[in-house]
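In the two assemblies presented below, subunit A is common to both, partnered first by subunit B and then by subunit C.
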Partner chain A sequence: MADTVKKRPADSTAIPPRSKSALRRRWWERPKVIPYLLVAPAILCELLVHFIPMVAGVVMSFFALTLFTLHHWSSAPFAGLSNFRVAVDVHGPIGSALLHSFEITVPYTILVVGISWVLGMVAAIGLNAEFKGRSWLRSALLIPYALPVYVGIIVWSFMLQRSTGVVNTILVRDLHVLHSPPFWLLGNDAFWAMVAAAVWRWFPFAFLILLASLANISPQLYEAASVDGASAWRQFRSITLPSVRSANLVLVLVLFLWNFNDFNTPYVMFGNSPPSSADLLSLHIYVVSFDSWNFGLGSAMSVLLMIFLLIVSMIYLRVLRRGGEFNV
Partner chain B sequence: MTSVFKKHRLRRAGSVAVAASLAVVAAACSSSSSSTNGSSGSISGQTVTYWASVEGTGPQQTTQTLNSEFATFTKQTGVHVNLQVIPWSDLLQKILTSVTSGNGPDVMEIGNTWSPSFAASGGFLSFNSSEFSQIGGSDKFSKAALSVAGAPAKAPISVPVYSEAYGLFYNKADFAAAGISSPPSNWNEFLADAKKLTTGGRYGVAIEGASASEAAHWAFLLGEQNGNPLYANGKWNFATPTEAKAVSLYINLVADGVADKSDAEQNSNVSETEFASNKAAMLVWQNPMSTLSQLGMKSSAYGVAPIPVVSPLPSGGKAVETFPAGINLSVPSSAKHQAAALALVKYLTSTPAQTQINQTYGTFPPVLSAQGSPQFQTAEMKTLENIYNNKSTPLPPVPSESTMETDLGGAITHLIGSAATSGPVSVSKIQAALTSAQDQLNAAGGS
Partner chain C sequence: MSESAAVKWFRRITLILIAAFALFPVFIILETTVKPLADVQNTFQWIPTHITFSPYVQIWTTIPLLHYFVDSVIVSVSSTVVAVLLAIFAGYAISRFEFRGRRVFSLAVLSTQMFPGILFLLPLYLIYVNVGQAVGISLYGSYLGLIITYLTFALPFAVWMLAGFFSSIPRDIEEAALVDGSSHWGALFRIVLPVARPGIVAVSVFAFMTAWGEVLFASVLTTSSTRTLAIGLQEYATQGNTDWNQLMAASVVVSLPVVIGFLALQRYLVRGLTSGSVK
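Moving on, here comes the complex of A and B:
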């Protein structure tokens, strides 16, 4: 390295020759250190924004952090596992409400992930082919994902209002499909209203990821399959699906995690008092924490949710990885 | 040459990374280092932060009204005010966060029914004689208003600033057209009138069916009138057949067809719009005058009466027509400029500010000297003020009151949804829902 410095042309902008000690690298200039320094701000931010609050949440779940101890939270009494006991006691009023919320959240997530994936896949295959106006359609499909969440969901709740919503206007007044306008935001229909809004929001994401993955498949594979007489369904099963497998693995996992944790959809549609069919876990925990002023219990529920999601994610990844090895 | 350039770039990158890391740490630490204690010495030149709830016709009117008052306050005292208007949906959560972090405003507006909860949290300045002497004494407030300002039998943690009461607002032209000469005074008359008024696409009454707090307030008023207070002998007491029967009156307004079924979905003050646009002939609401005027309804078009009372009153029943509703001012114990904060509280509870702000918002002043101002001598103001002073009972002054509003109110809104979709709800089904809500409330540590 010292040679390089010597060979430098002696023009006016050149760095003047340094003494030996000056040439010795300072600690932060060592190539081994620099990558760590470069990621340090990101790690610090990550610690501040994600990790510390998460640890704080876990710690809080072991304390009786209620309205009475909130101001002097550092001296809140230690509660051991009692918050967890209350949360998992399915015969008690709080545990049974949490279980009910869990029983709503599971089918909600499965439906939203499943329907979003199917719609995303259909759209991706359709828009993977070359045709005029393709890029316009691709952009149009991304609009629901690009819109701020609040705006998208509040528009759904306006559309689904019984008396003034556009859905009932079309079904009852224009098309005469129904005689009296139904309630979409009350009772069990509220669940389906929520699923519709969430699918509308998430299928463009599935579409985007699957489209990127489809673009990598060589058209020759399909040509060869056609020559061999493979049907479109067979081509989809034997070429498309295996080729998008790795993208799928991540896509389904993140869609599952995001929807299982979904707070925005029920909260924007129904506020903090949702119909019982729309009482998703995240909103349920929020209400326990912020309306009942019981942050210890709310944190215990969050920790249980986190543990459940961790276990499901680990099983999912392990099973699919094993499946992948068999396929190979 | 390339290697030199690379090395130079690497060095620079290393230095930038170190600087950036330090900047992040410095930024993270700076929030706690800027606090100053301004409770002693002159307050002139200080800046206090003020959290306002959304009042009157909305955030714009709130901002304009308060900023104009703050300009006068700054002229008088040299203290600047940084106004932040917080939507109702965020206010409670923001206050909770500020109580926990000790990092909040100097003065905040709170819903007065929250004051027992806030008193229990210990995060607010108590108004003892020395604090009261700094804001002009406790005698200047109406007793009814000051009774809802903290935990019972303890020093208040807030002082009242705008007062409201429930009243029955009715459309005079609709009443005349239906041949009804005076507003209903009991629930039977109310239901009969509501049926008469429901005609031609217009409904007898507008309700906010999906609002948990409205539902809880109805449950409170109907419970008091029927001799079933929501809270009795140190515990919640609404899982009873009497309360279920009382609440069924509210729930079945929708099933009986005197309120629009679509009202079961409403929770964003749509009732006022329905009343102003004559889609409903009656409205049970707290001081909606400024909103109705903004919606184009002249004050001459409607009358105000006390809400109906159960007749005859059952044993233990009381002719309660409202609770002392309104907004209070609180100073968190973490306030950085406590003396300036109290000076601002004193200013906002002075006669001129009280007259100006309450007139704009359509509320009435809890400060006695302002109550006599000509602005508050209108028929509707006098009626509401009379209800407030003489026919009110506070909501249960216990810390879990706000949780009760969510749990009990939530249960009732679900029943209204059920009444809208599947017809009348039986008293036994209502009682089951109230029992489940009460169990939840007690299990969450409701006291």
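Moving on, here comes the complex of A and C:
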């Protein structure tokens, strides 16, 4: 963004003297003041809802904020690192539950981001050519992303109902792939129900970003490669991937963060009591905090989550920014 | 580039499969809304025994859908209006002025998108409850609290997108006006805004969608009198005996405004969303 902004040439000095209003500039009309006035309201709101609560959250994690102290929160006793100790004690019930939730969230995120990326990429390559009905198809692929999040998740819950759902009907009655209909929304299969709903929502986003990025590649590159006898796979690796690299860098990071923090999918599917295979971290922390009203512990877990995400993001950016050629 | 027939067919089949995956749930939603209750309570059937539109009528009395709808409209429209207004100012500053802290500001605003919502949900809840008790402005359980919260969710991307739109507008007209003695404020409102109208509409749709679909904060910050659609429908979906044909009818009703808005403005939205990442 920085390079799009140029210094404004010819400031107030260049204004002809006959324009009187320009001479009698009030303080809020000075070019030095205006930008700050313009960003001030936005900053104020972000401070109020994001930065102050975030700092407060970090502070809260060091206090024993429980059901008993919550109403007199300003006098809650300092707890040092004890909330963190409880959260990472993998032998205690709370720590082991948190670890289990982490162990669910990691494969969930990897699967959702990976499958969404591949599907989005395939769709983007497929649509990166002129053909009849292209714009219709593009709109169709974007519908899952345009729907409100909760509507998409609710329809997947409906489709995955055991006896009345369409998925089991296809698998058992129509195709005879399975003998008895599985309970998709109970036990271990709940994990796959979430993955399906999340991939369905996120692959259109990957598609959108990748398609915009593919459109910038000159077709002549592919023509030249074909003349040289490069295979489609080789062209994909040597032309397509390097060209979308910078879009990809952001896309994968954003998808990773959004899905690692995913609260909507398990909450809309299962409410406050998800099956243990669907107990993603955000919902887990939410339930721990609001079931027991132990906000100190909940904040400590959130801080751990944030630290983990910061470290992963930094390593990711460090490694990929430095690497010259992009290899998947 | 000339393609062989095999490649062409491979492309077609792959795209059809992906489109089927994307559209199948949409088909299920629409199909279910015209099925009688008996059809959705028994084994799934591809073809309804008869077509009925009564789910679209019944859902309004089964759950307080109108109430949820009004709550969502109030919250989403208000937060959109304020967010877009603030984003116009901030976006204009970023695209037209060189000022100290500009880069830090844009980075900080964007990074708020990346942090786990749960981290600031707990303190925000405490802050809202306590502000209510101390000052008397109720933020917890009120529209106001939710409006302030949602406008900050939409703000980062809105600023980013609008800064991109403004930067693509040539400065010549604006500078001519400045030379003629118009103030920066006058130039913004009389010259830049009319030209940027499509971008502003697209950003508004985006901000509206953000508020319309939000679940996490609504589940904590609303009470029964301010329940939004997200929580109203989620509650009905996860309770024991859901009439799915009615719930799907409600889904259609709540999706129409955002889907239409999104598809109508997708060109501008796509340009806005990708302007940063494709740099």
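Everything that follows uses one rule, which is that the second predicted complex is superposed on the first by the 299 of 328 C-alpha atoms of A that agree within 3 Å, B and C clash if a C-alpha of one lies under 4 Å from a C-alpha of the other, contacts with A are read in each partner's own complex, and residues count from 1 in each chain.
The criterion applied here is as follows: a contact is a pair of C-beta atoms (placed from the backbone, for glycine too) under 8 Å apart; a residue touches a chain by one contact, two chains touch by 3 or more.
Because the structure is a prediction, the values reported are computed rather than measured.
In the three-chain model built by superposing on subunit A, subunit B clashes with subunit C. Of the two partner chains placed by superposition, only subunit C is touched by A:P144; subunit B is not.
Of the two partner chains, neither subunit B nor subunit C is touched by A:G229. In the superposed three-chain model, the partner touching more residues of subunit A is C, compared with the other of subunit B and subunit C. Of the two partner chains, subunit B is the only one touched by A:P275; subunit C is not. With both structures placed on the common chain, the touch criterion links A:D291 to subunit B but leaves subunit C unconnected.
Once chain A of one complex is fitted onto chain A of the other, the partner contacts of A:P31 extend to both subunit B and subunit C. When both complexes are overlaid on chain A, the residue A:S163 reaches subunit B and subunit C alike. Judged by the touch definition given at the top, the superposed model places A:F183 against subunit B, while subunit C stays out of reach. Clashing C-alpha atoms between subunit C and subunit B turn up only in stretch 128-136, chosen from 92-100, 128-136, 146-154 or 254-262, once the structures are aligned on chain A. Of the residues of subunit A, those at positions 1, 4-5, 7-8, 15, 29, 31, 34, 37-38, 41, 45, 48, 70, 73, 161, 163-164, 270-271, 290 touch subunit B in one of the two structures and subunit C in the other. By the touch criterion stated above, subunit A contacts subunit C in their complex at residues 1-2, 4-5, 7-8, 10, 14-16, 19-22, 25, 29, 31-32, 34-39, 41-43, 45-46, 48-54, 56-57, 60, 70, 73, 119, 122-123, 126-127, 129, 137-152, 154-159, 161, 163-166, 168-169, 173, 200, 203-204, 208-209, 212-213, 216, 219, 222-223, 226, 232, 246-247, 250-251, 254, 257, 261, 263-264, 267-271, 281-282, 285-286, 289-290, 295, 298-299, 302-303, 305-306, 309, 313. Listed in rising order, the residues of subunit A touching subunit B in the complex are 1, 4-5, 7-8, 15, 28-29, 31, 33-34, 37-38, 40-41, 44-45, 48, 66-68, 70-73, 86, 92-94, 97, 161-164, 183, 185-187, 270-273, 275-276, 287-288, 290-294, 297. By the touch criterion given at the top, residues 1, 7, 11, 14-15, 18-19, 21-23, 25-26, 28-29, 32, 40-44, 86-87, 89-90, 92-99, 102-103, 105-106, 108-109, 112-124, 126-127, 130, 148-149, 151-152, 155-156, 159-160, 163-164, 167, 171, 175, 178-181, 183-185, 209, 212-213, 215-216, 219-220, 229-230, 233-235, 237-238, 244, 247-248, 251, 254-255, 258-259, 262-263, 266, 270-271, 273-274, 276-279 of subunit C touch subunit A in their complex.
Looking at the complex, you find that subunit B touches subunit A at residues 1, 3-4, 7-8, 10-11, 13-15, 17-18, 20-21, 23-25, 28, 89, 92-93, 96, 99-100, 102, 117, 120-123, 210, 212, 260-262, 264-265, 267, 333, 399-400, 402-403, 406-407, 409-410, 413-414, 417-418, 420-421, 436, 439-440, 442-445.
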